[in-house]
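Please read through the structure below; I'll follow up with questions.
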Amino acid sequence: MLHFDCDYMEGTHPKVLERLVATNLEQTPGYGVDEYCVSAREKIKAACEAPDAEVFFLVGGTQTNATVIDALLKPWEGVLSARTGHINTHEGGAIEAAGNKVIGLDHSQGKVAAETVRSYLETFYGDTSHEHMVQPGMLYISHPSEYGTLYTLAELEALSALCHEHGLTLYLDGARLGYGLVSAGNDVGLADLARLCDAFYIGGTKVGAAFGEAVVFRAPGLCAHFFTLMKQHGAVLAKGRLLGIQFDTLFSDGLYLEAARHAIEAAAKLKAAFLDKGYRLYIDSPTNQLFVVLDNARMGQLGKDASFEFWEALDAGHTVVRFATSWATREEDVEALIALL
Amino acid sequence: MLHFDCDYMEGTHPKVLERLVATNLEQTPGYGVDEYCVSAREKIKAACEAPDAEVFFLVGGTQTNATVIDALLKPWEGVLSARTGHINTHEGGAIEAAGNKVIGLDHSQGKVAAETVRSYLETFYGDTSHEHMVQPGMLYISHPSEYGTLYTLAELEALSALCHEHGLTLYLDGARLGYGLVSAGNDVGLADLARLCDAFYIGGTKVGAAFGEAVVFRAPGLCAHFFTLMKQHGAVLAKGRLLGIQFDTLFSDGLYLEAARHAIEAAAKLKAAFLDKGYRLYIDSPTNQLFVVLDNARMGQLGKDASFEFWEALDAGHTVVRFATSWATREEDVEALIALL
Amino acid sequence: MLHFDCDYMEGTHPKVLERLVATNLEQTPGYGVDEYCVSAREKIKAACEAPDAEVFFLVGGTQTNATVIDALLKPWEGVLSARTGHINTHEGGAIEAAGNKVIGLDHSQGKVAAETVRSYLETFYGDTSHEHMVQPGMLYISHPSEYGTLYTLAELEALSALCHEHGLTLYLDGARLGYGLVSAGNDVGLADLARLCDAFYIGGTKVGAAFGEAVVFRAPGLCAHFFTLMKQHGAVLAKGRLLGIQFDTLFSDGLYLEAARHAIEAAAKLKAAFLDKGYRLYIDSPTNQLFVVLDNARMGQLGKDASFEFWEALDAGHTVVRFATSWATREEDVEALIALL
Amino acid sequence: MLHFDCDYMEGTHPKVLERLVATNLEQTPGYGVDEYCVSAREKIKAACEAPDAEVFFLVGGTQTNATVIDALLKPWEGVLSARTGHINTHEGGAIEAAGNKVIGLDHSQGKVAAETVRSYLETFYGDTSHEHMVQPGMLYISHPSEYGTLYTLAELEALSALCHEHGLTLYLDGARLGYGLVSAGNDVGLADLARLCDAFYIGGTKVGAAFGEAVVFRAPGLCAHFFTLMKQHGAVLAKGRLLGIQFDTLFSDGLYLEAARHAIEAAAKLKAAFLDKGYRLYIDSPTNQLFVVLDNARMGQLGKDASFEFWEALDAGHTVVRFATSWATREEDVEALIALL
């Protein structure tokens, strides 16, 4: 069986694993104050060209989103998100469980346009009863989005300016950030994110780490006691160095982007094959997720030899499915899948 | 200035006031265990033909919604609602503040169709990752809806059957229930609600009381400690008898429906006048709320002598506004408004 | 039966009632923007000698505590309180339901000493793992306390200075504030509270109003959207003027203190009688609550003709009970109770 | 520097690490449905002699406590705990953040006596206003406790019977359970816990795993959607197999207890040395945590060569410190520390 279900089916990048093994019996203090975490933070701040930034390591995406959003929202505020945003659909209500409302916005292939936000804010402030409503306090976006699409730098700049003009913070979910950064046509860099977003996270779980996400706050003091809030959200790893070691390795010698590039190359090859063989792409994603329309009979047949993810029913006879590559995708599996097509 | 802004501009129905005055210096225990509350509960249960029902008195609509929803949802569940539902728009995030996600559904003039719920559930359970999502635990509807529209008995029966088939509770927000019950064409009675809904509330604030909402739970034991949960939500009135006296009076000699009828008659007269004079209704509501399209110049002029509520901008030149009548609307004000038209 | 159970057994002070009746059919906008609320706010600010203060009207004590505490705490902070504080015992977990931890402190007859707070803070900051703990963000006190005791001005000044030195806000629960202000020996005035506390509330429910509490924030902007947060807590009364009218009346011609004085005089008379007849006071309260030790046989006998509140079992043969007077206590009832003793 | 600060300074047991390395590039589905998780669950159920139990894997202790407590409490209930319980002190308010009140009880060296619980319940239900208070819904205990003390089987049986008699669930925090199970004098086994507790967790983080805790629910269906609730608490590890592999290894060939025994033997040796050299033990703990009273001068000197944890100031001249051993403690470090004493 060829597995293209998702980008987190394997453990961790061999170079990361090697480092974890080498340090296994060292003794370090817990909770992220060890030297590996210190070093990893410095490397990330350097990569972001943001010496004043604050960096924290958490274990997974949902807990990261819930904690950061809780940190930056006031209790009377809510967070704007594409209706398809991960926080609005697949996080088991984690945002709301912390008391914060997610306000769904229209989107285009997972992306929120500045115009949509502006229109929301105009309607909101134009409503004489808006003090009865949750105040818009943050915009949440994903890069790449749930549909593998990417914001341009110009789009991000427009969103950032709009948010800050209206007192909203801008938070970017980078669960698959590495894949976005090296995709064809991407013109957004880490330094741009650190400049434009109030907070964002660099996804490790899906890009070479066994687990772990690195939150970057643009400026110090955005959250006075983020560590305590992490604890409150169950997001402090006792052996915090396991996160430090992973991110320190990923941010040494360009490994994070190198690992991402591997996935993008595999995806590009696969995409060319899909198009070449006449398959229809549901969305033209430049990243490591390919959304393909299959007729249901074809889907059943292909499913005997390859696994992929059901995305949504398109019509009575067709289904949208997702093929994902990763840092670990084997060249021979790509070839074999292409042969099956 | 003629006021048609909303249905809660006056104090309380004279008969209710008279009773409050007469009992003012009586001494009763607090928190709703007094004899007036006991009597009011019995009258409401009788009116609902539901001897096993449980009845609780709360102060206002938002606190009632937040408390009942919190009582009936499990922590992993969310509540389905029309996207325009009061809980999803104008309650300051009260539902989410208690940790409960509101899941917005498409609607027609504020009403949710059984087909919409069925489709949501099919998509939900058809999604292989639905265990990562908030489980649908309740359907919230309003009768009348935010747009003054009414469910038919057949529609309610379909929703109730569908909910119970799938393990959802059905909760009906009756902030303006009285006005719905006596509207032209309404075929839903209190006994129907007590039979079809797991919980609903009979709105007092907008229908003759100074404040107060009566929650009816279909069956005993749906919530083992609802009083404690009310306390937790700040929803227990110390001098609980003030609620008991009001509802006892409203449910004596048909006062609740009589008060409602007054508003409906005034609204019908007004509606006829609007239509007669060529105004366009945005929605054809049979209840005490009329949604009228005004061109903006006309709106400005009318606004000099009458007040009404901005609802939404329709297009560059037109606005939807709401005129509301109530149990207290004066005949002469209706006449004067008609003269202005 | 003579009722001395509590201070909220009657409706509202006749002068307040008269005003509610007189204004009953007036039409005003909802939610507290009417002229009565505006006037009441000005009178309260004047009484507090605090022209910059912000005043909000809520319905009951628990909802007031939950909302104010939620407004002023950061998500990583908790509130210090006497272990016997109302928020820690009799509010159904309302504070925690909003996500805020109550940290119980030792106390003396319901009062928290500055020394106790200082010691807590020293231990807290001396603990190297204090970032794993809820940060102390507020001190909650009651005046009068749960046991009817009063802070002296010097004690309040010490607490205020200590809190502000350590970045804590000071919040005072004044459910029975009126009774405290006119008690023998009290040297604390409203202006002192407005100067020393970041927030406090002036209790109406127990001191002449039918319901209602007036929150006073020392300075503008302590909570940017308190109204929205009130909405979120279900604490906005639709017909807000009912609160405005009550407080406007209570703060006209000294009615609030006059009503309180009535209760204190009755309590003083009763206390003298208890002492005269050899009863033992559990706590020597100068306010409207008397805590008396009864032997159980005597308690049973007295209970046939008078009702009072069980407070706690003292030992096998004795019980502490509470007798409360109020603005509405009848002279003849006091005489009759004294005769029974 | 000799490190005896805590029992989570190293990575993971070499046998566990070996298995993680061996499986690193395997492809498995995420979120805990892989075969390693399945196998680990079966081994744990077998070790607990509880074929009907449900087992879930989470990442850390605080998130486990917050999620399990949230799962089993009703919204109107709170959890009883020793005042020194981890959930009441060092979890950043995680329990309250999910809306659940922790009710502190007196304790003896971290242990709660059945008599204390009984007395609490009697006082609670004897209070006529108990419906205004958070209902007691669960008892939380730790084994070993925060002070390294252990419950006897008889004590656990008494607590279990008492809880179930009064409708409380019993939940046991086993962060250091392994160390407890193999301590001298312990008469409690996994099967006892699975029989007596409604839920408990087997700590991995501190006993041989890199991270991970295994929750055991006594009976199926105690929480209908625990996975969704885990997601909501940010407690689902994407690459769930990392937890499955660790616990599968720890529960093969008795590794979990073997690893624990290593720590207990080291602790016993150290304890004997402390006593031999005239040091005073603050608490006579049979587990891997030793609480020693040091005079402050001695503490400063010892601190130059060894690290240990500050526990609390005893008096002006003495401090209680903690020395912890673990599965990874090196024999030569123990010898070296003894030499220093």
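Order of writing sets the chain letters: A, B, C and D. Residues in each chain are counted from 1.
We take it that a residue touches a chain if its C-beta (ideal position, glycine included) is under 8 Å from a C-beta of that chain, and two chains touch if they have at least 3 such contacts.
Keep in mind that this is a model prediction, so the values were computed, not measured.
Among the pairs B-D and A-D, the greater number of C-beta contacts is found at A-D. Using the mean of the Cα atoms as each chain's centre, the chain most removed from chain C is A.
One finds 49 Å separating the Cα centroids of chain B and chain D. Centre-to-centre, using mean CA coordinates, chain A is 33 Å away from chain D.
Chain contacts: chain C has residues 75-76, 91-93, 97-99, 132-134, 228-229, 231-232, 236 touching two or more partner chains. By the touch criterion stated above, chain C contacts chain B in their complex at residues 3, 5-6, 8-12, 14, 17, 20-21, 23-30, 59-64, 66-67, 91-94, 97-98, 205-206, 210-211, 228-239, 242, 328.
Note for the complex: chain D touches chain C at residues 75-76, 78, 89-93, 96-102, 104, 126-129, 132-134, 310, 313. Note for the complex: chain B touches chain D at residues 31, 70-71, 74-77, 98-99, 131-135, 224-225, 227-229, 231-232, 236.
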